[in-house]
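Next up, some structures in structure tokens.
Across the two complexes that follow, chain A remains constant while its partner is chain B and subsequently chain C.
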Partner chain A sequence: MDWAYIESVLPLYGKAAWLTLRTGAAGILLATLVGLLCAAALYWKVPVLRRITAAYVELSRNTPLLVQLFFIYYGLPKIGVKTDPEACGIIGLAFLGGGYMTEAFRSGVEAVDRIQEESALSLGLTRFRTFLHVILPQAAAVSSPAFMANVIFLMKETSVFSAVSLMDLMFTAKDQIGLYYRTTESLFLLVSAYLLILLPFSLLGTFWERRLRHAGFGT
Partner chain B sequence: MAETVLSISHLTKRFGDQAILEDLSLEVREGEVVVIVGSSGCGKSTFLRCINALEDIQGGEIRLRGELIQSDRKNLPELRQKIGMVFQSYELFPHLTVLDNILLAPVRTQKRSRQDAREEALALLDRVGLKEKADSWPRQLSGGQKQRVAIVRALIMHPEILLFDEVTAALDPEMVREVLEVIVNLAEQGKTMIIVTHEMPFARAVADRIILLDDQRILEESDPETFFTDPKTDQAKKFLQTFEFSRKTKQRLKSPKGEFP
Partner chain C sequence: MPDLGLEVLWKGKNFVRLLGGLWVALRISLIAAGISIVLGILLGVAASRKRSVSSAILRIWLGVIHIMPQMVLLFLMYFGTTRAFGWNLSGEVAAVIVFSLWGSAEMADLVRGAVTSIPAAQRESAEALGLKPTQVYRWIILPQAVRRLIPQSINLITRMIKTTSLVTLIGVVEILKVAQQIIEANRKASPNAAFGVYLTIFVMYYLACRPLSLAAKKLEKRWG
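Take a look at the complex of A and B:
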């Protein structure tokens, strides 16, 4: 292992890691929003919208991210929408993640008894406030393991961003191997960088889940 | 005569082809306590749920002080604020403390200040003997305590009318009384209420009017003394007999040797 080489390329990997983290976080945030909206549409059984949502979930979960990215990256310009690689990656991740997040939140929301909704409605809360203040907080406890698994899964999925010429960690490592044949060092840096990004999420998730479970609202 | 609070005319409710309530009319005046009794599955609970549009109706109309209650109306949340409902299974929100359960609606929908609502909540909790439970979680309370909190949660909205849906049916017997006493208290304060219950002595004590629901309609409607001592219809007599029997059964179960008294 050539440590001097590793030191010299650290800034490069730092930049790539920042890009991975940035696009990943943005994509996950958007995916969470999409998931919440879709879960709400399913919970309220909004006509038409619930069918579109169901179709979307199947589409997003049953096609690979790489294919989705190609569609966005090469397909959208054909209908006149210009996409830069970073936006393309974020949108792709949000599209894929939205489906997974919808399922995570749906399972949580469905675990809350319907009469809880009726109880809140009968107090005069609007349906939106009922969802926000009564259903979602209870659903969160059920959804959190699936949610955290999705966060980690989506963060890892960013590794296909290199296919649309985003200079993320994967891209940088492949580039370095191609340029200097520094396979060992490059792979070592690649694994380390992903671990550094993902471990905190994983630990945070475990901690959060345990809190939610043990807080247990008074047990 | 006191003003009409709730007026229901020709209410019809069906689940699919099955009629639950047919052409049912009822007026409730201010300060009146109407108790609805009837055998299980006669539509008592459904009737209450129709009043605050938790069920949609297939015919007739329901008006609260003249305002139409309809599930597709924009003002439904406002109207529901004026109709307090207490459920059989309490339905406190498990993720909120007792105090936050009570404060959610007044703070979020009536835009009252938390401080002001909090004071009232504590005063109301005090009246039902639960002031020290304000910061407890619902899970830490007994059924009777939960139900009293649920009543406070409805009361803080200052509803025009209160609906009680078999509020003691899920309770252990020793907790029934603490809840019923709260309701009797409310009746004495002149609150307008519709109560669905299986507790006949309580019904007799609290009601201004008793309604027997059977066969999708109001079968008998009278003051409690008449209802319990001189029921007019055969169905009412039969209905009251079922309680006679169950009282004897209870006594038998309580007597040490287990024989009929």
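Take a look at the complex of A and C:
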């Protein structure tokens, strides 16, 4: 292990890790939004939207992110929809994650007794306010283990971004191996960087789940 | 109507070549899934035993595999071990090893979850009736755990199929690589081939995974 070399490339990996974190966070945030909207559409049984949502969830959950990215990045420009690599990564992650998040929220929302909605409506809350203030907070407790698992899963999925020429951690490691044959050092840095990013999420997830189980929610 | 570049599929053997590529991906995932399920059951039963050193070590090992992106594991196997031990691995063999390791960790986790979810009274009653530990597993714990495990194992196979698309990034010629070759070769004749071909792959993956996840959902509902 050549520590001088490791020190010299640290900034490179720092930049790549920042890119992974940034795109991952943006994608997860978007995915959460998509998931909430879709879960609402399913909960309210909005006529046409409900069918579209169900189809979208199946489509996003049954195809690999890599294929989705290739389609967005190389396929869509042919019919006039162009994206830069970073936007493509974020959109791809949001497309994939949206489906998983919908499932997580749907199961939570379904676990809330319908009488909660009926009572809130009879108290004069609008359907939107009922969903936001009455249903979601109760659903959150049931949904959060799945939500946390999805966050970790999506963070891990960012590792395929290098396929659409995003200079993330995988890209940097492969580049260094190809250029200087620094296999051992590159892989060491790659693993360390991912551990640093993912371990906090994993620990937070475990901690959160334990709290919830203590409170008697979830399984 | 814009040119969607679908005509390239019917040129020569292009469609058959794509199917061949899909088969390479499916073959890797099915082999790895088979190994994972067998290994995972053994590891999971071992990890579900409380307070033993081996189960503690096992859990750390499973945790490490769990937390690393599959892409990183592939790199470690394909670039790392070949360098460290000086052996030669084809991309396909590396992929099977990595996905088996990852899959058995996932499967072990599912098995542990299923085994520990069975109420302690079941085991205690069986022991009170004089069954030996292996008999308790064989006749009491496993039959109940299996109901939970079958849908989850099917889901694992679906995930395995999806994850296998990564092998193109370590140079295995599977469906995405074949697609790139087809698009390159027809660059002049059908410049929009990228759209049609990648759309086709998207649909193919969907058709491969959808029946499995549907079956898992149905079984989950029936036995849930």
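Structure notes:
Simple rule for what comes next: the second predicted complex is superposed on the first by the 208 of 219 C-alpha atoms of A that agree within 3 Å, B and C clash if a C-alpha of one lies under 4 Å from a C-alpha of the other, contacts with A are read in each partner's own complex, and residues count from 1 in each chain.
By our rule, a residue touches a chain if its C-beta (ideal position, glycine included) is under 8 Å from a C-beta of that chain, and two chains touch if they have at least 3 such contacts.
All values reported here derive from a predicted model rather than from experimental measurement.
Under the clash rule set out above, the superposition-derived model of chain A with chain B and chain C shows the two partners fitting side by side.
Of the two partner chains placed by superposition, only chain B is touched by A:I115; chain C is not.
Once the two complexes are laid on top of each other via chain A, the angle at chain A between chain B and chain C, using C-alpha centres, comes to 110°, given in steps of 10. In the superposed model, A:S192 makes contact with neither chain B nor chain C.
Of the two partner chains, chain C is the only one that A:N62 touches; chain B does not reach it. When the two complexes are overlaid on their common chain A, residue A:S107 makes contact with neither chain B nor chain C.
Looking at the superposed arrangement, the partner reaching more residues of chain A, out of chain B and chain C, is C. After overlaying the two complexes on the shared chain, residue contacts for A:S202 are found with chain C alone; chain B is out of touch.
Look at A:I79: by the touch rule set out above, it reaches chain C but stays clear of chain B.
Here's the short version: in the overlay, chain B gets within 26 Å of chain C at its closest Cα pair. On chain A, the surface touched by chain B in one complex and the surface touched by chain C in the other have residues 219 in common.
Of all the residues in chain C, the ones that touch chain A in their complex are 2-5, 63, 66-72, 75-76, 79-80, 83-84, 117, 158, 162-166, 168-169, 176, 179, 183, 191-192, 194-199, 201-202, 205-206, 209-210, 213.
Per the touch definition, chain A reaches chain B in the complex via residues 115-116, 118-126, 129, 133-134, 137-138, 141, 216-219.
Considering their complex, residues 49, 52, 54, 77-85, 87, 89, 91, 93-97, 104-105, 108-110, 136-140, 153-154, 157 of chain B touch chain A. Those residues of chain A whose C-beta lies close enough to touch chain C in the complex are 58-59, 61-68, 70-71, 74-80, 152, 156-160, 162-163, 170, 173-174, 177, 183-184, 186-187, 190-191, 194-195, 198-199, 202, 219.
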